[in-house]
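The next part holds the structures, each set out as structure tokens.
What follows is a pair of complexes built around chain A, which joins chain B in one and chain C in the other.
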Partner chain A sequence: MRAARAAWRFLRGEPFAFVGAAIYALIVVTAIFADKLAPHDPREILRVGRRVARYLPISPEHWLGTTSSGRDVLSQLIWGTRSALQVGLTAAIVVVAIGTLMGLLAGYLGGWVDKLITRLADIVLSMPFLPFMLVLAALTQPGTTVVVACVALLLWPNTARVIRSQVLSLRERAWVEAARVTGCSNTRIMFVHILPQVLPLAALYGSVAIGWAILAEASASFLGFGDPNTVSWGVMLQEAYANQALGRGAWNWFTPPGLAIVSMVLAGFMISRGSEKLLFPKLADK
Partner chain B sequence: MSAVIEARGLGKTFRTGRRTVHAVQDVSLSVSAGEALGIVGESGCGKTTTARMLLRLEEPTAGQVLFEGEDITHRRAAALLPFRARAQLVFQNPFDALNPRFTIRRTLAEPLRNFGIPEAEHAARIDAVMGRVRLTPASAWLDRFPHELSGGQLQRVVLARALIPGPRLIVADEPVSMLDVSVRAGILNLLRAARDELGLAAIYISHDLALIRYVCERTVVMYLGRIVEEGPTAELIAAPRHPYTRALVAAVPVPRVDQDRAALPIRGSLSDSPLGGTGCAFRDRCPHAMPRCEAEAPALREAGQARRVACHLEEGAPS
Partner chain C sequence: MSRSGFLRLVAERLGFLVLTVWITTTVTFLLFRLMPGDPTLAYLSPTFNEETRTALLRSFGLDKPLWEQYLIYMGNLLQGDLGTSFLQRVPVSQLLADALPNTIILTLVALSIAYAFGIVAGAFLAFQRGRGIEGFAIPAALATRSAPEFWLGMLLLAGLAFQLGWFPTGGAVPPGSNLGGVVDRLTSPEFWRHLFLPALTLVLYLQGLPLLLMRATMLEVMNDEFIVMARMKGLSRWSIVMRHAARNALLPVVTAFALGLGASVGGNVVVETVFAWPGVGRVLVQAVQGADYPVAQGAFILISVVLATMNTVADLLYAALDPRVSVGARR
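This part shows the complex of A and B:
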């Protein structure tokens, strides 16, 4: 209760974080109540009389019109929040966890640990994303798990590099030496003294990873390696692309999922930008 | 009284690629409880490296460090914990010495936690130490973050953090050089009061002879990694024996603009001095250099009551 009130007070003082949190809250609520909010089954092929209701424009009945196969765009958009949250958040959490840990160990411990992790990161960074995902998907069960695993395995070096360079400069600070003089172990210095200072960066990279994961999921779905039974923004975009929605001027079909992806990535960025004051109290005065 | 900390033939060699730098060579010193030792010298003379070795923030490559009679020279990090509680450091730059994300309370609780002091005692000990550094009432300060305090206030917190585990030794590395002149005396007096009341051994590291004279009974002068002279501070300043000490004393600013004073008795700069090799490291800058200085490095010898000097001129001189 106390924490909730503190969080509310913080959000009220930080417009950036407030907008970001509001977008996330909206998406989370939509995802939870997707089955109640959506006017139609997102996979149902709607008909007008006996004809399939293709490319219907925006109308009171179909707020965002219908797709080329007569499905309700709004319902798909609403259901899409579920898979977006699932893929985006899992991938982001795994990326941030691995990347931060690797960056922290490499930057603080240095020596052979640093060499090993940096080499590993170089190797991973040189791997092309799509082929890697296709091979992994071909070797295992295609589905969202593969997408999440790919994003996690291939995206952690970006986070790790940034965290490492930040840690390299932080560990030279006098207060790190002070921590050692006052009896802190290396583990405690890393996780209690240094980690909180790099978390905003990690969160920033996490919010980028959310977007990447959603985009990756879209690409995988397009190439047939996604889960065919899910409804996602990525699948919507790819379907629209495959049916030349742009050429037909069916902007009511492809704009909403695109905006949804953009707003989700933006929300993550705004939250991490807005929390800087909380995470770097020194900035508060400026 | 037995020494709290003692260094015997301490040395530190850094290797960078092909070059080898002898940052500190053959430094021996000791400090007893209640005594303050000053280490003076110019930048790069090895005084900070010496201090870091005494605190085992750096592992010596030669010699021994004895703390209360125990050899801690090569002790592993985990086994150093009891020593850490008893030997503390006051930092030069108070703006960088405190974790910016920790409140003052948390900064002070951190050593207590690490040294295994029961949580029930934390509040009382924090209050007591805040009183000692004259940040009262403690409640007005404890929940603030470092960026909300001034330099002098921060240095008091740094001092409080050093005192809170109940150390026997305090090392102060240029403790006031980053502070405004107006608050320097306050910090130095607090340090001195803590030393007197708690019977601490203290080591002050500074380039400033005036500061050393104000707080230290005994002084060691270092030049290029070696001790060149040692003695009671007052005598050392009144009658310096080593040519380098004479130069240091002559360089102390005097608050009179139109004074008459001789030019510095030495010439050149640090980079002119030979690194390694034989002979006296100071010979290129010394006004009294003689052929012998080229051939043979002078040893640090007893030169009178409680004084030691490393100079060929001293040999055979009446002590």
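This part shows the complex of A and C:
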């Protein structure tokens, strides 16, 4: 209850974070009730009389019109929230877990562990993200697993660096020394004493990683390496592009999924920008 | 930093670059050969007859043990031999050499415009700190960074090319005509007309970073002692902002430019695909889609090497420009 009130106070004071959190809330609610909210089955091929209802414009029956294969755009958009959240959250959790662990080890243990992890991070950061994902998808099998794996494999250094520098300052504090004196093992100090202190920071990077994962999924789908059996915003855009929606000026088809992606990624940026002020009060007056 | 100190840094960075490139190429080798399934399937098109098959197997060294294959692969790489395309039956290096200038032109043009705009707009916004325009400009800059590049491209394509007909819908030259040499391309108005939309897409996508970076560092620099000093000397606000603050705030932006150059060469993959721009990214996508593995491998290696090189350049630029950076105390 206290935490909820504190969160509310924070959101009221930070308009950026408030808007971001509101967007996330809206997307989560939509994803939970997708089957109730969507007017049609997203994969159902709709018909007008005996003909397939292709390229219907915006109308009271189809708020966002239909696709080239007669599917309801609004329903696909609503169902897309599920795959977006699924990809975004799994990738964010994995990337933050790896990044935090690496940052913690490097920062706390120092020495050759630190050197090794920092070097590894530098090398990973010089791998081109999209090309790597393409090659991996082509050599294994296309789908969301590859997207999540790539985000996890290639984006952990960003989190690790920040966590590392945070741990570097934390480990010099008196209470860490106190813990050591009372005979706590390194493992215990790292995971019981220091880890909780850096979790908020890790969560912050997680909110940005959600956006990265969704962008990655969209790009993979667009290039033809998404999972064709899921209804995702990326797959919607790919279908629109491949079926001449641009030439036909079917704005009602290819604008909404893009806007949905933008709002979700933007929400992550906004939350992280807003909470930066909370975590680093020094920046607040800048 | 002392001169010898800087030279040592250069040597250290170059050594690390070599290490990175070696690891990247090794990972690429392992990726392409150790994937589940028969590696010969990945390397040999089923349409080849028995004779070409054996010849190719031998030329790739695929009949040998893995470590020997690795030595051959590295040897070939060092000689610039990336193999032969399955689909087009030409050396991979030639395909890449044809595509690379297009990618570089697109990236350089877009990055330069994006950074010129971002620097000016960022400095302006720092100047406007606390005014109403911030509430609009910052979310707008963040929003363009949140949009998938290919979707921005799709919107521009649908509006400016298909609907209004102002620009061609794809490619680098009108269908049927020859691309010509690099000089021919740069002097041809058609080429620039084709370049416009992909470049604009990239500009929209890329301008947010320099803008936010410039604004943030400007605000930081404006509080520094030497600015207070300049103000005390009675210099005009404009002179302070432009001649003192901006020059110091540019430093991270310059580094970001070098990093951005490397990242864009790889990240252009989707933009080049949307606009059918004949660059390295599109070569990679088509090779991957068509299971043309030597081309995919070559393009991936090229993109990685460019990225790693630009990262090194960014590091060195930063050290060369900022007297405060000392050797060994990086990050």
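Assume the second predicted complex is superposed on the first by the 196 of 286 C-alpha atoms of A that agree within 3 Å, B and C clash if a C-alpha of one lies under 4 Å from a C-alpha of the other, contacts with A are read in each partner's own complex, and residues count from 1 in each chain.
The rule we apply is simple: a residue touches a chain if its C-beta (ideal position, glycine included) is under 8 Å from a C-beta of that chain, and two chains touch if they have at least 3 such contacts.
Not measured: the values here are computed from a predicted model.
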item: Chain A residues touched by each partner, larger count belonging to chain B or chain C; value: C
item: Which superposed partner A:Leu139 touches (first chain B, second chain C, both, neither); value: second
item: First, second, both or neither for A:Leu223, with chain B first and chain C second; value: second
item: Chain B versus chain C as contact partner of A:Pro196, first or second or both or neither; value: first
item: Contacts of A:Ala174 with chain B and chain C, given as first, second, both or neither; value: first
item: Partner chain in contact with A:Gly49 - chain B first, chain C second, else both or neither; value: neither
item: Residue ranges of chain A in contact with chain B within the complex; value: 173-175, 177-186, 188, 193, 196-197, 279-282, 285
item: Chain A residues within the chain C interface of the complex; value: 118-119, 122-123, 125-132, 134-140, 161, 211, 215, 218-219, 222-225, 234, 237, 240-241, 245-247, 249, 251, 254-255, 257-258, 261-263, 265-266, 269-270, 273, 286
item: Chain A-touching residues of chain C, taken from the complex the two chains share; value: 16, 19-20, 23-24, 27-28, 31-32, 35-36, 42, 139, 142-143, 145-151, 154-155, 157-158, 162-163, 169, 216, 219-220, 223, 263, 265-267, 269-270, 273-274, 281, 284-285, 288-289, 291, 296, 299-300, 303-304, 307-308, 311, 331
item: Interfacial residue positions of chain B with respect to chain A in the complex; value: 55, 57, 77-78, 81, 84-85, 88-89, 91-93, 96-101, 110-111, 114-115, 145, 147, 158, 161, 165
